[in-house]
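You will see chain A twice below: alongside chain B first, and alongside chain C after that.
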Partner chain A sequence: MARQSNRYIHILRIVLAVVGAAVMLFVYLNHSEKLNTPLMDFFTDDFLAQTGADNAVAAIYLNYRVFDTLFEALMLMVSVMEVINVSWANKHADRYQFEEDDMYYKNNSELVARMVGIVYPFVILLGLYIIANGHVSPGGGFQGGAILATALISRYLVYPNFDLDLHIIEKMEKILFLFIVLTPVLYVFMQIQPDNTVISHQVYMVFMNTLIGLKVFSGLSIIFYRFVFYEGADNTFIDR
Partner chain B sequence: MKPLNLITGETVGILLFFIGLYGLMTKKTIVKTIMSMSIMEAGIYLFYITINFSPDTVPPIGQSREAAFADPVPSALMITAIVIGIGVTAIGLTMFMHYKQQHGITHWSRNRNQQGSEH
Partner chain C sequence: MFETIILITLVVIACFAVFSDNMRRSIIYLGVFSLAMALAYLYYNAPDVAIAEAAIGVGLSTVMYLVALKKVSVYDICYVNENIEQFNDDHIGSIMDSFVRPMELFLERTEEVEPQISYTNHPALEVLADENHDCILHRDGDLIYIYGDANDRIFQDIIANLNTIIPDMKDVRVVFKKEVSLNGQAE
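And now, the complex of A and B:
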């Protein structure tokens, strides 16, 4: 009996998903209407003179809607704190011993190690370029920060020993978040700007992109290293 | 209405969302549920960044407009949404690892959990 009712519930779920998709597609294809775009007209009207950015997307997330960016940085920091504090290995594992510094590959592929060793300076360079030029060309803080985090993740492919002190990266992330909140509050909300804002707008854009890039880099690296070294399958725990 | 013109970003986004919803409803493993949530979020991103796109627009960079600008507003909103998706996935996976270490569960139903949940 339970198996038959399970089958009915399974069919009901399939029907629900298919009917939902069909209804949404039908409504979208037949009854969608085109409205005006007042926000786009306002944002793309004169964004270079008002915000100093050539890139309209950077003008939006760094000047016109910078309030969203503050809370997004907060969200990243909260998820990092959760990854550290909710994990079982935080209280129940042996204290992690930092392994000593011997350069052997620990069964990792030597081909991968050498190729990544050649490529990773270019990855770091690309990440820094995308961060620094985020207000002029496509890119910005978030994208460049993710590329920088790729460079640190590829370090694990080469050298899978745990010799990073994650506390330094955590402190750096929190200090960066403080500055990410402080700078738009002073510059955009309270409008503490010099009279000639041509140069100060550019400085603000580059500074904010750099802060956001480094913060995303720290957050993603911490999440990756906590997952790899603390949640792995071959941990030894003191008690369950 | 030619059938190939139907494959736009919005329709694929809606399909991805409902595929993810199906996976969320029916999968019996916890990790697959978290992956289905990621697929739903990918569908939403695709839907939003295809809104108000027409092929004769230029990127909204610089001041010399040869043609109309593409819409920068949904792209700027989805930058935030992608980072939030990363956070949600990380939090979900950490919670799953905690439950697994404490109770030994990896499936939603009681009958299928790991035998002998020592790790």
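And now, the complex of A and C:
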């Protein structure tokens, strides 16, 4: 009986998918209206003077469509909170205490440790560069923050210990999110600007990119450290 | 030309990642795939996306996958039924509700290991001798034999809780692996 109803549900799903695809195709094929590119013209015509960004992408995500950025930042923060509060390890937090120092330090590959140790400062430098130049060159807060997080993770490869306080980073992320919401609300939506010039806009851009970069950095490192030190089997580091 | 090379490379590396036998190798191929993907984004004039792809695809997710791979503990169960010529969904479905699903749930909830189940119709003794499964379910007529290692902590737990896992267990026999090899030689 159960298998029968399973089959009906299966057929129903297929029928729904086919109907949905047919509707989509019908709408798509019947859509014959030809538009110009008003949106593209609006975004690319005069973005330097309007937003102070040399990079059209930065102009879009920090000024024209800053609303999207707010929700993206919210999404990352919610997933970090999810990882911390809803994750499987939360039930077993007492079982997964911080690891002892030096326990598995010696078992790490010497080659990897030394090479990463050399590359590590340059990765941080690159991340900061990409954040600071987000409005001029490709990149921006998210990319730079991801690169900074990669630097922190490579630090874990060199010296896998746990001397970060995740609670402080988590709090820092929430405060940064508050500022990320506050800054565009004041500057873009309410137009509280010291001066309507390119320089002022650029300061706003750099400030926003820095905030976003730090927030992404703390979010990704929380997720990573959480996974590394709390999740998984309890014989984690034995077979390293 | 350049476009064609990049796109073909992407497909080839993706195939490598999917069909490679070794998980760790797959992860490295995935990193290479991300790198090629970043190149493709760069070719299509999306340097922003390329940077994000390079940072996240190559850096973060590769390390994350490697760490996760180290942490997953898989419990490998093999179901043997010699009397079936070719396994199909009906055969698997017939034991699914009574046997496999409760076992999987027990392994996931109580033991917190990842169950992995394979099905075969090879002779049970051959499977026991050649393949390295954590636990083997062997169906012989009405009886189900459960083979496992007596020193395995998870197997001990399964045996201890067998009456809660499987409601109807009068047809179930438990065999420890060392006894089996002796029996096999004796036969």
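Convention: the second predicted complex is superposed on the first by the 185 of 240 C-alpha atoms of A that agree within 3 Å, B and C clash if a C-alpha of one lies under 4 Å from a C-alpha of the other, contacts with A are read in each partner's own complex, and residues count from 1 in each chain.
Definition applied: a contact is a pair of C-beta atoms (placed from the backbone, for glycine too) under 8 Å apart; a residue touches a chain by one contact, two chains touch by 3 or more.
Just so we're clear, the structure is a prediction, and the values are computed from it rather than from any experiment.
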Discussion item. Under the stated touch criterion, which partner chain does A:F217 make contact with: chain B (first), chain C (second), both, or neither?
Written reply: neither
Item to complete: Name the contact category of A:L48: first (chain B only), second (chain C only), both, or neither.
Response: first
Item to complete: Report for A:Y187: first if it touches chain B alone, second if chain C alone, otherwise both or neither.
Response: neither
Practice prompt. In the three-chain superposition, say which chain, chain B or chain C, touches more residues of chain A.
Written response: B
Practice prompt. Please indicate which partner A:D68 is in contact with in the superposed arrangement: first for chain B, second for chain C, both, or neither.
Written response: first
Fill in: chain B versus chain C as contact partner of A:L157, first or second or both or neither
second
Worksheet item: Does the superposition put A:Y225 against chain B (first), chain C (second), both, or neither?
Response: neither
Worksheet item: After superposition on the shared chain, which partner residues are touched by A:I147: those of chain B (first), chain C (second), both, or neither?
Response: second
Discussion item. In the overlaid three-chain picture, which partner chain does A:V57 touch, first (chain B) or second (chain C), both, or neither?
Written reply: both
Worksheet item: Which holds for A:P138: it touches chain B only (first), chain C only (second), both, or neither?
Response: both
Practice prompt. For chain A, give the residues common to its interface with chain B and its interface with chain C.
Written response: 57, 138, 140, 142, 220, 227, 231, 233, 235, 240
Response to the item:
Listed in rising order, the residues of chain C that touch chain A in the complex are 47-48, 50-52, 55-56, 59-60, 63-64, 67-68, 70-73, 93, 112-113
Response to the item:
Listed in rising order, chain A residues that touch chain C in their complex are 3, 57, 130, 138-140, 142-143, 146-147, 149-150, 153-154, 156-157, 220, 224, 227-228, 231-233, 235-236, 239-240
Worksheet, complete the sentence: Given the complex, residues on chain B that touch chain A span 6, 10-11, 14-15, 18-19, 21-22, 25-26, 52, 59-63, 69, 71-73, 75-77, 79-80, 82-84, 86-88, 90-91, 93-95, 97-98, 101-102, 118-119
Discussion item. Could you list, by residue number, the parts of chain A that touch chain B in their complex?
Written reply: 10, 13-14, 16-18, 20-21, 24-25, 28-29, 37, 39-40, 43-44, 48, 54-57, 60-61, 65, 68-69, 72, 75-76, 78-79, 82-83, 86-89, 92, 136-138, 140, 142, 216, 220, 223, 227, 231, 233, 235, 237, 240
